[in-house]
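The following pair of complexes shares a single chain, subunit A, combined with subunit B in the former and subunit C in the latter.
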Partner chain A sequence: MVIDTSKTISAPASGDTTASCWSCGDMRAAHFCHACGKVQPPLPVNYFSFFGLPRKLNVDVLRLERDFYELSRKLHPDLNARADKREQEWSLEQSSLLNDAYRTLKDPIKRTQYLLRLEGVELEEQSKTATEKARASGEVKKQIVPPDLLEEVFELNMQLEELRMNKKMGEHDPALVKDLEAHKAQFEKKYEELAEELKGHWNRWDQAVDRNNGDERRGALDSMVDLLNRRSYIRNLVRDVNEALGN
Partner chain B sequence: MTDRIVGIDLGTTNSLVAFMQGDRPVVIPGADGVNLVPSVVALDDKDQIIVGNAARKYLIETPERAVYSIKRLMGRGIEDIQQELKLFPFRLADDLQTGEVLRIRLGERTFTPPEISAFVLRQLKRNADRFFNAPVTKAVITVPAYFNDAQRQATKDAGRIAGLEVLRLVNEPTAASLAYGLDKKQNGIVAVYDLGGGTFDISILKLHDGIFEVVATNGDTHLGGDDIDNLLITIALDDIRGDMGLDVSRDGEAVATIRKAVIEAKIALSSQPATTLEVELPGGKHYLRKIAREQFEQLIQPIIDRTVGPCKQALKDAGLKPEQIDEVVLVGGSTRIPKVRVLVEAMFQRKPHTDLNPDEVVALGAAVQANILSGGSEATENMLLLDVTPLSLGIEVAGGVTDKIILRNSTIPASATQHYTTQVDGQTNVAIHVLQGERELAKDCRSLARFELKGIPSMPAGIPRVEVKFLIDANGILHVSAREQRSGKEAEIEVQPSYGLTDEQVESMILDSFDSAEEDFRERQVIEARNEAGTILAALEKGKRSPAWGQLTSAEKKRIAKLEKALNEVKSEDDYQAIRTAIDALNQGTMRLAELMMDSAVSTALKGKTMDQADMGEGPDAPHPVAKAEFE
Partner chain C sequence: MAYSDKVLDHYSNPRNVGSMDKSSNEVGTGLVGAPECGDVMKLQIKVNPQTNIIEDAKFKTFGCGSAIASSSLATEWVKGKTVDEALQIKNTEIVKELALPPVKIHCSVLAEDAIRAAIHDWKAKQGAAKPVAVETK
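Let's look at the complex of A and B:
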């Protein structure tokens, strides 16, 4: 580990600095010189603008990958190993930004979470630290049960309690285990379905951006926050069941 | 021409240095013509460092002055090597403190693992210097993909100590894929299974028009051929105790002999159905045991099965099924074991590639990477390696929980920013504990460092906003920087690395200083040899004046004059060995003079003595001809 106090690194700012040519929209212009190939100092960009993309959620992942490879061929430290110290530093910063941006944008969930954060939304999901802390200390974290899941969650919790009791008593109830497995499968299916639902919200968001409709944007954001919360709730539930079943 | 950069595989068992010759990477052999330099370091009886093949005999003759498999201790603390200490004859320094970098005893001296690795690196550097007839100062060094930050840093330190600028640390399986990829410029998914002497790695890569993108890696930094050897040694020791009633487990020399024999047996069993383990024990008894391959395979099954978990995890992380893997590449000497090949084939459902020598492929790949770093050539055009960090990086948050901020298998360089604030009014320091690992609790992860943000402007609680940036560079090594955002002031970071040497310690260890110690040693040798020459020449002058001189034939006198002249000539030069040779020659040549000088009564008793011994008058003042060499 190396500690460097000699410099400060500017974080991607929340405002969109366009990292693309004002004329043709080519984002490569911002990161390296087309004439001599030299790496440019990093701009205060966000992950979308780094790739010259609008702040929209439908992303052409194949194109993103192609751009990622192309930029890697220019920005990676291996290809700038003979440049002077300053350029090497830019190369390191630029390529870490490139990697961070690509990793975030290529994944639908991470992309959504990132956009929400850019829009100033603090997700319940963001408090995963608190969740883990609660888990570590053995407490049950208070989480609001999504209303549409209330009934099922209630039933599932009863079964989990029963299973834990059984375990304590050294008993084994195959029917209960089977029931739990079935429940778990149901939740896993719901979890999968959320991906489709999310795409609907993306479309709503993207259209709102195009139309510059503030209310629509807020509505889309709220739906996405709600969806991600439900998603993390289900994920925790499935994890709890797996733990109880000893999977 | 740009500086030459070599590629180095610093292995647990063997090390190699390679470079790109035209469009092909080639291994640079040592002076003995051998490509592999065993990673063995020993002190000889003159306290000189011996490395490689020449050092191997010391493992058996003076095991307390030799060390092997030091890679197992790189970047590790005393508390995490308890298991190794049971299985390996590492002799730790007696005065070792907890939290201190390990020191290993060789004879009377102690060395840290990076220093011992540096001796191996310096041998490789010498081989390269000799090969190019010019000093090599830059290198790419490979490390197991699953090495953590401390282990990587220790490897980099070793390079610096050896006088090498380490331009890049490359993961071994990735390097191997580069060597393979040079031939087959094709797209697809490749799995590299690397089972070496002490480490196991599995890496899954996506090849795309010259880009080698690692998608997942996993492994075990304490799993390899060593474990098989130790298992066989334990069985042999049990046998010897049981059948012969002899406990030799504490006898370093006997254990080293058994180790050598089991390694030979292990190697033999890769090509023949059975072999005989034969060891001569102290007292002349022989231990004989026939081992069939089938039996060997049963014994090692639990060890090689330990590679399955990491492979499954890597596939899962990559989001791939075994049948989606297009090619499997085998790396590391332990993949010569047929049973290992069977296991790999079953796991990935295809026959693995073995066309490149599994001992050399990593070094060859390092040479390819060295070529890319030096600007590339036609052969490496368009080639680029995108590697990942093998372990998640986290920080400790309230409750002793790890909050992961850079997940494993993230492409490097990678970064993450965290914001910190204060808990009480006027607080100016914030402590941060950086961790590496996958476990939820901080205590189960690897502690990288604790550091304190200092000089935060005094503000009400919760107002300061310190941004800390964690950046993992292309070597997989973490860099940390911090800034207080409200004041724009850089926050000062005080680091307490959990493991590893400080910069100052590394500086003081750099082998130039060791080289100069050797220089001192040589100088002392020269001075001593000159003194001795003076003594014998003075004694000769005395002899010339004695009546005995007249008794010599003219041929004898002529010969002595010639030898005297020869000694006088080399005496002023800096070559102590030449001076000693001339002294020995003159001693031989004046043997008869010495005899004649003796009183006839004593002459019979002193027959065979040399000039300066015969001249007893000068004896006590003469310096000891071979003063004990010592240098620090």
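Let's look at the complex of A and C:
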């Protein structure tokens, strides 16, 4: 997998610390001028740096929530209704950025996906590149999803098809339904276990960031891509089973 | 998004749907998946051991219309080719033939992967059966 490591954590946590306030000319903080308190124009920051966080995956969600509420109050466009027109606009932009950043970072999966994007991991690109490489070298491409999971997904899809066909014909096969329910339960269990596994990868990533270890970082990213792939497979499957069973 | 006529044709009349005996020495099986959309594709080839020509191909795909069309087309294309010729099939050719839009390119990638995986499986079987004899170059 090719990951661009040139734009990783070396970027400053918040690039706006050296800018000066548009209103009073003093140096300003992230979202407001610390001297006069005016709302500042949003800078092209990422969601982590928007909250002044390092690009790490273990996030104190309670603190994030506190920061979110505090910032939403201060940045609320209504509060700045009587402000300078530019400031009103910035307040609106900052508010919407704030909402996006919060919604993304508070959710463990969205946070992970966002980090992968920041790190330049494009799943589809990756798959295409791997296929081209396999074609050039004559080797068989390593599947992103482990073969046994693929096998299970395939088998379950076969059963689902049978169930749908039965339904169409007005037939009912209790044994098949029971089998599907059992499979679904297994997949749901797997799905839950992924959350724990993901935390392990987060820790690996965070430690690699602390140690500035490129190999470790790449390894952690790979593992997370792998996990998210398995996760979306399982999620789709459980959804399909539920649909077919009419749950 | 509208599917092209060719995709619709393969989708409503898929060619070579089915399966072959996975354990047969003449059969190679490729099972691949695209986790982004949850697709899974199985493609099987039956190869004549004397000529290395793919005499039959079957597929079964769970996925969108483009994935089904890509694998259906792939089975049509590999039939009658030698395994080495089949290895030359590129996903871009599938894209072109089916007029797949950019968001569906991964379906063609999947089909190429499936062909390669099936051939790899078949080659591995030949290697296990007679270690030196089949070097398909």
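Here is the rule we go by: the second predicted complex is superposed on the first by the 191 of 247 C-alpha atoms of A that agree within 3 Å, B and C clash if a C-alpha of one lies under 4 Å from a C-alpha of the other, contacts with A are read in each partner's own complex, and residues count from 1 in each chain.
Please note the rule applied: a residue touches a chain if its C-beta (ideal position, glycine included) is under 8 Å from a C-beta of that chain, and two chains touch if they have at least 3 such contacts.
Computed from a predicted structure; not experimentally measured.
With both structures placed on the common chain, the touch criterion links A:Leu57 to neither subunit B nor subunit C.
In the superposition on chain A, no contact is made by A:Val238 with either subunit B or subunit C. Once the two complexes are overlaid on the shared chain, A:Val153 sits against subunit C while remaining clear of subunit B. Using the contact criterion defined above for the overlaid structures, shared-chain residue A:Ala101 touches neither subunit B nor subunit C, since it reaches no partner. Touch criterion not met for A:Leu198: it reaches neither subunit B nor subunit C.
Shared-chain residue A:Leu115: touches no atom of subunit B or subunit C.
Common to the subunit B-facing and subunit C-facing surfaces of subunit A are residues 128, 135. Against subunit A, in their complex, subunit B makes its touches with residues 2, 149-150, 153, 167-168, 208-209, 211, 369, 372-375, 382, 384-386, 397-403, 410-417, 434, 440-441, 448-449, 451, 467, 469, 471-474, 477-483, 490, 492-493, 495, 497, 500. The part of subunit C that touches subunit A in the complex is made up of residues 31-38, 40, 42, 60, 62, 87, 90-91, 105-106, 109, 112-113, 116-117, 120.
Residues of subunit A touching subunit C in their complex: 123-124, 127-128, 131, 134-135, 138, 140-141, 143-145, 147, 150-151, 153-154, 157-158, 161, 228-230, 232-233, 236-237. Against subunit B, in their complex, subunit A makes its touches with residues 1-5, 7-9, 11, 69, 72-73, 76-79, 81-82, 92-93, 95-97, 99-100, 102-103, 128-129, 132-133, 135-137.
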